[in-house]
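Here the chain labels run A, B and C in written order, and each chain numbers its own residues starting at 1.
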Amino acid sequence: MLAMLFRRLGLGAITVWLVSVIIFLGVEMLPGDACTAFLEREAKGKLLENCREDLGLNRPALMRYTEWAKGAVQGDLGVSAKGQKPISELVGYRLRNTLLLASGAILAGIPLALFLGVVSALWRDRPVDIVVSTLAIFAMTIPEFVSATLLILVFSVWLGWVPGIVLTPANAPLVEFFPEVLLPITVLTLVMTAHILRTVRSSVIEALASDYAQMARLKGVPYWQMVFRHVLPNALLPAINVIALTIAWLLGGVVVIETVFNYPGLGRMMIDSISDRDLPVTQAIALIIATVYVGVNLAADILTLLANPRLRTMHIRKG
Amino acid sequence: MTPSTTFQRPSHIARLGTVFVDIIVRPSGAIGLTLVIAHLVLALIAPFVVPYDFTEMNATLVMAPPSSLHWLGTDHLGRDTLTRTLMGGREAILVTGIATPLAVMWGGLVGIFFGLAGGKLDEVLMRIVDAFLSLPWILKMLVLIVTFGTGIEVLIPTLAFFYGIPVIRIARAATHDVVARDFVQAARARGHSKMTIIRQELLPNVRDALLVEGAMRWSWMLLAFSSLSFLGFGVSPPTPDWGLMIADARGFMSFSPLGVLAPMVGLSSLIIGINLTADALAKALGIDRAQKAPV
Amino acid sequence: MTHSTMPTGSVISVDNLSIGFRGKAGHMLPVLRNISLDVHQGESIGLVGESGSGKSTLALAMMGYLKTGLRVLNGDVSFEGQKMFSQRRAALESIRGGRLALIPQNSGQSLTPTLRIGAQIQEALKLHSAQPSETFGARVIELLSQVRLPDPASIVERFPHELSGGQQQRVAIAMALAGEPEALLLDEPTTGLDVTTQAHILELLRDLARDMGMAMVYVSHDLGAIARVCDRVAVMYAGEVALEGSVRQVLRDPSHPYARGLLASIPKLSDICLPRALDGRPPAPGGAGQGCAFVSRCAIASDVCSTSRPDLALQPSGARSRCHHVDKVHEIPLSGDREVGKRALSDETSLSLKDLAISYARPSLWGKSVGREDTSVPTVEGINVALRRGETLGLVGESGSGKSTILKTIAGLLPPLSGEVTAHGGAPLPSKVEKRASTELRQIQMIFQNPDESLNPRQTIGQILAQPLILYFGLSGQALTEKTILLLDQVRLGGHYIDRLPSQLSGGEKQRVAVARAFAAEPDLVLCDEITSALDVSVQAAMLELLDDLRRQKNTSYVFVSHDLAVVRALSDRVAVLYQGRLCEIGPTHAVYGAKSHPYTEVLLGAVLEPDPDFTPELSASDVVELAPPAMGCPFQRRCPKRIGSICDTVAPPLREPDYGHKIWCHIEEI
């Protein structure tokens, strides 16, 4: 099993490395470079050369990549084109704020999704399932900016319960984000819950139809004991990976939500950096998000490996 | 009466028929397909049925409430909200309607090819696919759009490229499933050429998975398209587009909530329609969609 | 109509039970019709029937359990006087797994994958045992030893997937015994196991039932297994009991046409003729009509049979039979009459295998990169066989013996490690199918085990059959259609099948299409990989007849792989016995099945069950499953009951030839 663990870790590392290459090459292939982009196309002469000198753009690509990657590994993400500040510093608070948003959604969403998923599977095709499943389709498919705008309209414009726009500066203490952060967390939670509960529902239904669930009933195991001891441990294993993918995927959704609510997180910083054509910042944020994505998936893989006796005892079967 | 004595003439057309019937007898399929078809029809006929020109501004009637002249009121520039809502999906449907088949085709072909080739090549490709998928879609799209502009000629290939990548995975997995089955082995043992095996044995079986995948991709693309235009990176004004309309009307929604609600209903009903149809289609074809992650 | 008084001493009593489901058109379609059956104390009763006969539904109904969608239409089941279908949930739960326990068909899937074996048996004890919970640990070990599992202490700690199929089945039995049941329900408990494992499990069940005085309801399609463990048998057909009586009454001289047909369709070791096919297929649920359910397939049916449904009437012998013409059933023969051995074989060689060795294990990328030598023993080794034109060679062995692997190599799907495959005495065939010439490909055709897998579900039967016709003969248009219809006629399906999809055919019909596709190439050699094992026994008999017809017409050679020794005997001219990918014995069928044979052949033959109440299997070797062949010596060394000493472990056994053409590889001198 250790070998499998290391294999996963290795694959994760390779993926992150490939991402860094793709990001770097992607930016290289765009017309112009960080300086022309930032200073607009028509920039010429001294200004441009100075900028290139500052950012070290006049050196060969391979050398710049190595330097960038080396810095990134050590936590140094380079210097922004706009304002010439170290990116690590700029990113710090933004990352924290996005994590606040994400962890709020995860803490609320995962238990809710597991609960609703199991309930709708156990009462399959009953009213509760039909209601939950229909709501899930709505929550899952409606674009985040639509649900966000709708929530703002209802809860801040009409009811006036919570502010619809976040005005707290990025580096404020976390407590100051309350209650402004509640609406963005709600939107994120809605989408995440919908995705996870659909997976949970379908895998619980599959486990309920299994031979071992039927056998448990036929050896006299009471219904709820069958559900909790025989069905759920087996049904929730495949859910781990989908939960991870959903979390990772939501990092894309966060961008839109942060923009709608004017929330000072990583996502909005990314949009800003792209609009400003601040390529070093864009590169850095892309790398951070991709690393989180790979990391979350890796964690799920390892968790599945530990929780699934079939995989855990692999070495016994081989030996 | 044994079943073997009741003769039907089932063939592929008949199968398509049964799949279609299977879709529309499910409530989700019936509702979904109705929504999708209604939107497609509307996109075609909207220019001929809308009451106003979508660019026509009326400075005296800015953010007007619903009236007999303007059923859904007007926006901040005095344009008719109903007209713009009815017209607001045309660009999105045109772009995603072209990009979706392109994405499914290129992703599907690459996926099948590498699924068949296997070995190291396949390993390397899957790592690259993983790497691409680990970057948020919005970042990938935005970088290209900001550089190359927001015209249809940029949006279609960009969407088709990025949304074809996850299709590679699906096609590859479906190919692996089919290749392991005995009928492919039987065809190999008979000595059919690779191309014949792909065309006759593989494609008909992978097609189902790709069909469902295509429907899903369409809905994700619409979501991406309208999100981009909401963020100001999509359709350029004054072309009416739901995402852009919502972004514009957001600032005034306390005065004129219909300005955001109308395009919301338009966009949501299309996306929900596609998803309901995709769900019903997957069930009719025997594919469990909920087990798949939303990449 | 049917009796409803409950005789004293009956443990389970089924009273006029009908179960059905709602069909697409909204009608209730019955899967069980008016079943009345009593199971007495300490008695074991067999429920036998083909797939779809309702036997498993009946067994589950005895526990008050219905699969989703099924409903009781009328009647009830009582267990010790308690009505199961009007029982409260808690009361049912205390009966199930306690006084009434089930042993399921596929234990591998019926054990919860995430729970250790010990925990699963303890759970049953907690639910049903009155003993203090401290004793449970010891009781689990005791139960596991009772079902003769070696090293029970380590089994307790394992997960289901770490056990072999036979071990999983024993665990299921131990779990059923945990509640000290008065009655055991067994749903095909040995289906899917190797013959030796099956024989051992059946002996265990016999002994347990006798020692513990339990009643047993044994559900099976296998009359041989029923004959071994049951006192009484109920033959099920289309959701009805067609015949019920003692084992002797049912197996020796059944008084129902279906039971006779079923018995005649079973291949038997003692019989050199092909089994007799039972044509047609049973009606679908709800399709039985007014009359007797068997009328369309019955040789002695008269007008009354299609207008009135016969009762399950008591016969003078004591058996109950659902037939209008019990007086005439003796006209229906109980065995086949077609002898297969009488064919003239040419001297032309059709296929020869020379020193064939095959390995599934490919050295891993990692192993290759660090220069690790591949030390694994090949899966198959030392295969030398020659086959004459028109001859049929049977390949037998347990699962993992490499029989299907050899077929794949002959077909070019799996290149061998070393050795040659030659057809028609010419040059060796290229090992990869892609390198073979068109005629070489055409001459060798393969039929796979499961037609659901081997027929493309998206192609019509016409398209499936057209593929070889276009590929090898370039047919098109009218000629193609005519030839396709001819092929369908040859396998007795008829041209109207041409536009159907495989999913609209029964299992037997699908396999006929697969046969037709192989013969479309006009091959010299057809490789048959367990092609009847997914079929019901009456359908299997028809398939064997078809194969015999075709080889007589076309002078085709077969390599016929099967785990069923009786089937192989019925069809083969010569038989090769494989153990762990090595040949143990090869020779003419009568010689291999005769007095002198390899110890492994004896073990296999001893474990075969005959549908005969007086037949006793001889169990001489353990049923331990081996995962890999030993590195040296005789492949059968670890399980051989006749082992003569360390020579078996170290020296490869020499070839002995007791008769001309009959070869045995064994150290024992006077075989």
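What we mean here is this: a residue touches a chain if its C-beta (ideal position, glycine included) is under 8 Å from a C-beta of that chain, and two chains touch if they have at least 3 such contacts.
No experiment lies behind these values; they were computed from the predicted model shown.
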{"item": "Contact graph of the chains (line, ring, star, complete, other)", "value": "complete"}
{"item": "Middle chain, criterion being Cα centroid separation", "value": "C"}
{"item": "Selected interface, A-B versus A-C, where C-beta contact pairs are more numerous", "value": "A-B"}
{"item": "Chain B-chain C separation of Cα centroids, rounded to whole Å", "value": "48"}
{"item": "Geometric centre distance via CA averages, chain C-chain A, whole Å", "value": "51"}
{"item": "Inter-chain centre distance, chain A versus chain B - centres from mean C-alpha coordinates, in Å", "value": "23"}
{"item": "Complex contacts: residues of chain A adjacent to chain C", "value": "209-212, 214-223, 229-230, 233-234, 237, 308-310, 313, 316-317"}
{"item": "Residues of chain C touching chain B in the complex", "value": "280-284, 287, 289, 296, 365, 411-413, 433-434, 436, 438, 441-442, 445-446, 448-450, 453-460, 463, 467-468, 471, 496, 499-501, 504, 506, 509, 517, 521"}
{"item": "Residue ranges of chain B in contact with chain C within the complex", "value": "1-4, 7-12, 15, 120, 181-183, 185-192, 200-201, 204-205"}
{"item": "Partner chain B, residues of chain A touching it in the complex", "value": "11, 14-15, 18-19, 21-23, 26-27, 30-31, 137-138, 140-146, 149-150, 152-153, 157, 195, 198-199, 201-203, 238, 241-242, 245-246, 248-249, 251-252, 255-256, 259, 270-271, 274-275, 277, 282, 285-286, 289-290, 293-294"}
{"item": "Residues of chain C defined as touching chain A within the complex", "value": "60, 63, 65, 68, 89-90, 93-98, 101-102, 104, 106, 109-115, 123-124, 127-128, 159, 161-162, 175-176, 179"}
